[in-house]
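Order of writing sets the labels: A, B, C, D, E and F. Residues in every chain begin at 1.
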Amino acid sequence: MPGDRFTHLDDQGRAQMVDVTDKAQTQREATARARIRMQPQTLAMIRDKRHPKGDVIATARIAGIQAAKKTWDLIPMCHPLLLSKVTVAIEEAGQDGLEILTTCKLKGVTGVEMEALTAASVAALTLYDMCKAVDRGMVIEEICLLEKSGGRSGHYQREDCELDDER
Amino acid sequence: MPGDRFTHLDDQGRAQMVDVTDKAQTQREATARARIRMQPQTLAMIRDKRHPKGDVIATARIAGIQAAKKTWDLIPMCHPLLLSKVTVAIEEAGQDGLEILTTCKLKGVTGVEMEALTAASVAALTLYDMCKAVDRGMVIEEICLLEKSGGRSGHYQREDCELDDER
Amino acid sequence: MPGDRFTHLDDQGRAQMVDVTDKAQTQREATARARIRMQPQTLAMIRDKRHPKGDVIATARIAGIQAAKKTWDLIPMCHPLLLSKVTVAIEEAGQDGLEILTTCKLKGVTGVEMEALTAASVAALTLYDMCKAVDRGMVIEEICLLEKSGGRSGHYQREDCELDDER
Amino acid sequence: MPGDRFTHLDDQGRAQMVDVTDKAQTQREATARARIRMQPQTLAMIRDKRHPKGDVIATARIAGIQAAKKTWDLIPMCHPLLLSKVTVAIEEAGQDGLEILTTCKLKGVTGVEMEALTAASVAALTLYDMCKAVDRGMVIEEICLLEKSGGRSGHYQREDCELDDER
Amino acid sequence: MPGDRFTHLDDQGRAQMVDVTDKAQTQREATARARIRMQPQTLAMIRDKRHPKGDVIATARIAGIQAAKKTWDLIPMCHPLLLSKVTVAIEEAGQDGLEILTTCKLKGVTGVEMEALTAASVAALTLYDMCKAVDRGMVIEEICLLEKSGGRSGHYQREDCELDDER
Amino acid sequence: MPGDRFTHLDDQGRAQMVDVTDKAQTQREATARARIRMQPQTLAMIRDKRHPKGDVIATARIAGIQAAKKTWDLIPMCHPLLLSKVTVAIEEAGQDGLEILTTCKLKGVTGVEMEALTAASVAALTLYDMCKAVDRGMVIEEICLLEKSGGRSGHYQREDCELDDER
């Protein structure tokens, strides 16, 4: 792998939007994950039905879906593409955290891992925004790609965002 | 703090863009941080002058600056605002990581921590995008607010994204 | 129909961008309509050649076309898509109104009624904006889908925005 | 009023973004309304707790808030501005409809009625989108300005979107 | 001037959005110009009343106005700002060209020359787009700043886009 | 050619987004060019390694790539499309200028010359923005289409932005 070239850089070392014109159109899917840690009381407020958990979670989920569609505008070398599915799920992760799982899918020539990662990141940022008045010390952590299928590089899967053991 | 109310939620528990019309216009500043861990070889390729480090870093920095200006469009309850300064700095963090430090500033009625956090997140996503062809297992981690000044809530500072000890 | 499920909601009742990956790529077309009622003098000013009708109408038409292309960004669960045609026509409707007719078309996997409806709505809002200095009481009304073809659900046509008789 | 000139049109009859540089900076507020009529069963599905009403309504509300912030991008002659508050409320209106009430506010030199109207329109379009699979015949109707305060033109109020009696 | 520093570059030579927090809020205005040369027949078609000149010109003018408002999104180091006036005028320039004159204005801390230049450029691109089916060889030329007032650097004026003689 | 019709104008002389639904999906490519003239000292500062040339050029190149993807949003009658490649190259042009060469590519139903021209224009505007503090008199000039292939109209090539001799 050390011998590999970065595909976004042409011969003169310039970042460019690489040519994917001739790549095969296949069904592609990617799943990403983010976590946000917070004070247990903050999580309790979200979980607590008297406190309107629904909207905190719903707002973050919608923000993540919307962000997935804007990935080409946020990440300079990303290609525009036609996402055919975006889902964002948010679950509790222990006493002090929420876990965001996103899946993006399309029939196209480019992978969708950036879209899944962007959705997860923006959903996490939105959770932060919705709760920052009561907990400024929240930390977004462990944004990573969990699974990817459908491209030339084959199927990829990892268990967790911890760096792979074989490294 | 458990008794606090989420300021984005009105009496019926609906998320809304809260009224800041009468807040004081003051100078506000926020600094955020993100880290991305990668294989040492990936970092070496970025650092290595033969491999065009400049553009990987420059692309991420520009993406972060652009994203700060779009925070109001990405985070549903964020107010539009007029950032008067955005900086994004990217440095090596050990043998296997990069650290992104962002600062946003304005004279206005709302804090700019979401802008700083969004800049850091999108810069990190862009680094991932630029390098994912050689290292799909990178992890974005520890996105947090480091410092904030200028609002009603006073000055805030933390040393690291690790959860505060007092928790 | 009461037994139907909303397709934007998954098993846990969460709004998601539904999976259209495997839907058939067909030619799809939709026509929508909006009306805006105004004072007869306001309409006369638009119609009157001395008053620059052309630009009021042209501005609204262009705004409608541009909005159709942004539907995926405005309506959270809409899929991005490649419109192959957008037309916006604006005609007089009686002594005190204008009628906007929009048509959108594409070869793709999702219907384009939201694009046609969004174009009609934004064209109407633009007419309001252009004339509000002289007539603040204008009302936008009867935005509805007139016709739709090309999808799994077959051809749909209605005569008017009045609620269907069979209801 | 027939003698008035459209403020968006200069001497040559060209639409322009009018000069508001010297207008007074005051607190401005506007409230708008939209209604969407649907089949009673569709409304029942939204209302019914087994059917996830929360997200249909929440999605529409968030879409409306986001759209208010994009009004300058949708309506060609609208000025960019810094909304300090946006609220979107959605209530049942009889057996077969929902009513959307939006309020926008800012301290600035331009009125915010277009922002309130745009929020109401896009929230209504989103309701249509969320329910169109079960009820294609919904009609958005009676989008109008209910109240406006803070500008040179004084306070404006209407009871309903029905055209004013004095017309 | 050779000794000057580029203000967008910090000590490490990184592009950043420079700090304008403490700059004086003054009234600022800028006028820019672009020209597009075309075949005389193409110009005749635009001028000719049978051919709908109105919309070609109107479309370009609206596109220019809209683009001025998006300058902060197009030019990475531009600050977001609140334009209080944008005008775009398009006139014939000889037998084979059109001239676009744009003016932008605001009360703020940053100049608006980029906004005026962006409006002129996008209006010219739109003219190209509207006419390219009949004249693919059109050339956009001489986009320059004609006048600028209101900033720290004082009043600036040039007669033409030709490079200044004193150079 | 004088007998040709502008394809963006329908029978009533209204600008519309023309119907391309039935056009052939082919591989299309376009190359455009822009030049910006500046004082020799300004060029020297960019070229000089002590002055951070890298970022000026990199920022302009990234801005051009991003703008290509937004062409449909900037030029009202442009169709949305899925660019499969965008490159922006910036080279010195004599003692007092820079030349920008852009190439866009896709497999689709519409040409990409507007995307290439938009990329060149916005890259030039960004160069202006990055250097305007030291050289306000820069002129962007000679934005033109150099080559186009893949559409119904066949291959097109010109040597320079000078108007064709046969005119």
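Keep this in mind: contacts are C-beta pairs under 8 Å (C-beta built on N, C-alpha and C of every residue); 3 or more make two chains touch, one makes a residue touch a chain.
Note that the structure is a prediction, hence the values are computed from the model and not measured.
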item	value
Third chains touching both chain F and chain D	A, B, C, E
Both-way neighbours, i.e. chains that touch chain C and touch chain B	A, D, E, F
Same-residue or different-residue interface between chain B and chain D, half as cut-off	different
Chain pair among B-F, D-E or B-D whose interface repeats that of C-E, sharing over half of the contact pairs by residue number	B-F
Farthest-lying chain, centroid of Cα atoms versus that of chain F	D
Whole-Å gap between the CA centroids of chain A and chain F	32
Chain centre separation in whole Å, for chain B relative to chain A (CA means)	16
Two or more partner chains touched - positions in chain E	14-15, 54-55, 58-59, 62-63, 66, 70, 73, 76-77, 81-82
Every chain pair meeting the contact rule	A-B, A-C, A-D, A-F, B-D, B-E, B-F, C-D, C-E, C-F, D-E, E-F
Chain A partner contacts - residues on chain B that touch it in the complex	1-2, 4, 6-9, 13-15, 37, 39, 41, 44-45, 51-52, 54-56, 58-59, 62-63, 66-67, 70, 73-78, 96, 113-114, 117-118, 121-122, 124-126, 128-145, 148, 153, 156, 158, 161-164, 167
Residues of chain A defined as touching chain D within the complex	54-55, 58-59, 62-63, 66
Sites on chain F touched by chain A in the complex	27, 58, 61-62, 65-66, 68-70, 81-89, 105-107
Residues of chain A that touch chain F when the two form their complex	10, 12, 14-21, 72-73, 76-77, 79-82, 108-109
